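The structure is given below, and queries will be raised subsequently.
We just call them A, B and C in the order they show up, numbering each chain from 1.
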Amino acid sequence: MMENIKNIIEALLFVSGSSLTIDRIKSVLALNNTKEIRDALSALSDEYEARKGGFYLHEVAGGYQIRTRPEYTKWIKHLIRIKPLRISKAAMETLAIIAYKQPIIRSDIEHIRGVDCGGILRTLLERKLIRILGRKEIPGRPLIYATTRQFLELFDLKDLKDLPTTEEIEKLGNTADATDA
Amino acid sequence: MMENIKNIIEALLFVSGSSLTIDRIKSVLALNNTKEIRDALSALSDEYEARKGGFYLHEVAGGYQIRTRPEYTKWIKHLIRIKPLRISKAAMETLAIIAYKQPIIRSDIEHIRGVDCGGILRTLLERKLIRILGRKEIPGRPLIYATTRQFLELFDLKDLKDLPTTEEIEKLGNTADATDA
Amino acid sequence: MSDEIYKIQLDGVFEGPMDLLIYLIRKNEVDIYDIPIALITDQYLKYIEWMKSMNIDFAGDFLVMAATLTQIKSKMLLPVHEDEDSEEDPRLELTKPLLEYMQAKSAAEHLGGRSILGEDTFIRTIDKEDYSETGEDEIINVGLFELIDAFKKILENISDDQRLDLTADRISVKDRIAHIVDLLEKQGSITFGELFSSDANKGEIILTFLAVLEMVKLSLIRIVQHVHTGIIRLFYL
């Protein structure tokens, strides 16, 4: 019955919206070890690379996900005219601060940005890009925020360590030019 | 640019959950005739049959759709069932009422939701997200419901005190203009 | 000067005082570690004046920063005594947060420049039929925000008198009940003394007591005192 692990995993990857972790696949298949799963995933990836079709196997957010190849993006946009999830500059800044400083409370975010962030936090929560982790044990017990798996998937990150350090970003070139104020 | 119709169509079929008609593909690709599209679809179908993977090309409702092969349905159901991260909207509402108003009896939950909750309560009990604390000493001795340790784990909460209050969420303000116009 | 203000306006209204400051520092091409505080303060205040004259609503944060700038400016004017050379440059109060904010901005730009799902690459839209077997209605992700959002929507639909205040106190009592029930489910019974840890503060003791009272009211527990030992024991019903 399990001779066909590769096909089963392919079917699972097809129906799963979010990326599938190896642990998740392991529990669905009720397997004891991950070797077979890793082999199947790598075989699938090789196969997709060899046939160079419309999609490929992508490693993201600690798991695997089938994604369309970027070269067909233009056509997909013709097909689905939904407005992509645009994130404003202010929201992106807030998200960046949370990503790098998490777990973080609202007042610390606002301290860095110098402005109120309530509405933006709410939007980011609604979009599931951030989540409430709990409360900080300080007076007022403020809520603690952190990023989500969807955040990793949206920005194509394997995990949080995949984020470049702020030093690395600065080395990438001085992004700070006057035009973006 | 259009040399790769087959891959483009594959990417389109992959992205689109529902079936795509040939006319739709034709308009997305801005083609004049359907011959090329038909050829590509039949080539894709042959390919999928030859590799006998987790999915196949299904002709349905006057269109085409990539579907997982029925022999893997069992595993897909397993994936969905094991998926701890999804819950119906009705169940979430019921769970929210219990979380915030516990200990609570069924008739109070139903009074708030305005609909019968028997089935949902059973599901939540089965999933161990709620538990029966005892019976209320009023006529009919109704069961009293409360949340469980699993509930806390599911929402990544240390204890119930970590639940944000509605006041706190309201204080975040309205969904701000986090999107670009 | 009016030309310059006009130019500032072209670049858009600033989101906050930090944005404006960074703009001014870049526009004047000055070193962030050696900010000509008088110049920047002047331009900053002029911009605020301009916003006022244009009736642009701006947050109080802008005024707080104006006060900070003015304060730093006056500190800079004070003569520095030779024996106080260890004293911090007052401008550091500005430089540190500015650097941090600039880092956040760069990080945001980096994020925005990454390959974005739904923009550069796509995943499959899940066909409802794949899930039809579950027979459930709309399926949503589980998250704390979804939970409270569901509850908020319910609250909006019910009358005010049914609203329960969800203050932290009430939730704390619920929490205490949950803990006691956990203990009782494991042990069946528990002595009154065991409920109170030795290091419990007054607040916790009151909370536990309220929880016990509520549980008695709901007849979740029976409280029995031993005739000889005097030990009070709670039994789960």
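The working rule: a residue touches a chain if its C-beta (ideal position, glycine included) is under 8 Å from a C-beta of that chain, and two chains touch if they have at least 3 such contacts.
Treat the numbers as computed from the prediction; the structure is a model and nothing was measured.
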| request: State which chain is most central when centres are taken as means of Cα atoms. | output: A
| Most remote chain, CA-based centroid, reference being chain B | C
| request: Please compute the C-alpha centroid of chain A, do the same for chain B, then give the distance between them in whole Å. | output: 18
| query | Taking each chain's centre as the mean of its CA atoms, how far is chain B from chain C in angstrom? | reply | 29
| note | Touching two or more other chains in chain A are residues 14-16, 66, 68-69, 76, 80, 87, 89-90, 116, 125-126, 131-132, 141
| note | Among chain C residues, those touching two or more other chains are 122-127, 130-131, 141, 143-145, 149, 168
| request: Using the touch definition up top, name the residues of chain A that touch chain C in the complex. | output: 14-17, 58, 65-70, 73, 76, 80, 84-85, 87, 89-90, 92-93, 95-97, 99-100, 111-116, 125-126, 128, 131-132, 141, 148, 153-157, 163-164, 166, 169-170, 172, 175-178, 180-181
| message | Taking the touch rule as given, give the residues of chain B at its contact with chain A in the complex, in rising order. | response | 6-16, 20, 24, 28-29, 47, 51-55, 66, 68-69, 72, 75-76, 78-79, 82, 156-158, 161-162, 164, 168-169, 171-180
| note | In the complex, the residues of chain A that touch chain B are 6-16, 24, 27-29, 47, 51-55, 66, 68-69, 72, 75-76, 78-80, 86-91, 116, 118-126, 131-135, 141, 143
| field | Of chain C, residues touching chain A in the complex | value | 11-12, 14-19, 22-23, 26-27, 59, 61, 65, 97, 100-112, 114-127, 130-131, 141, 143-145, 149, 168
| request: Give every residue of chain C touching chain B within the complex, in rising order. | output: 122-128, 130-131, 133-134, 136-155, 158, 162, 164, 166-168, 171-172, 174-175, 177-179, 181-182, 214, 218-220, 236-237
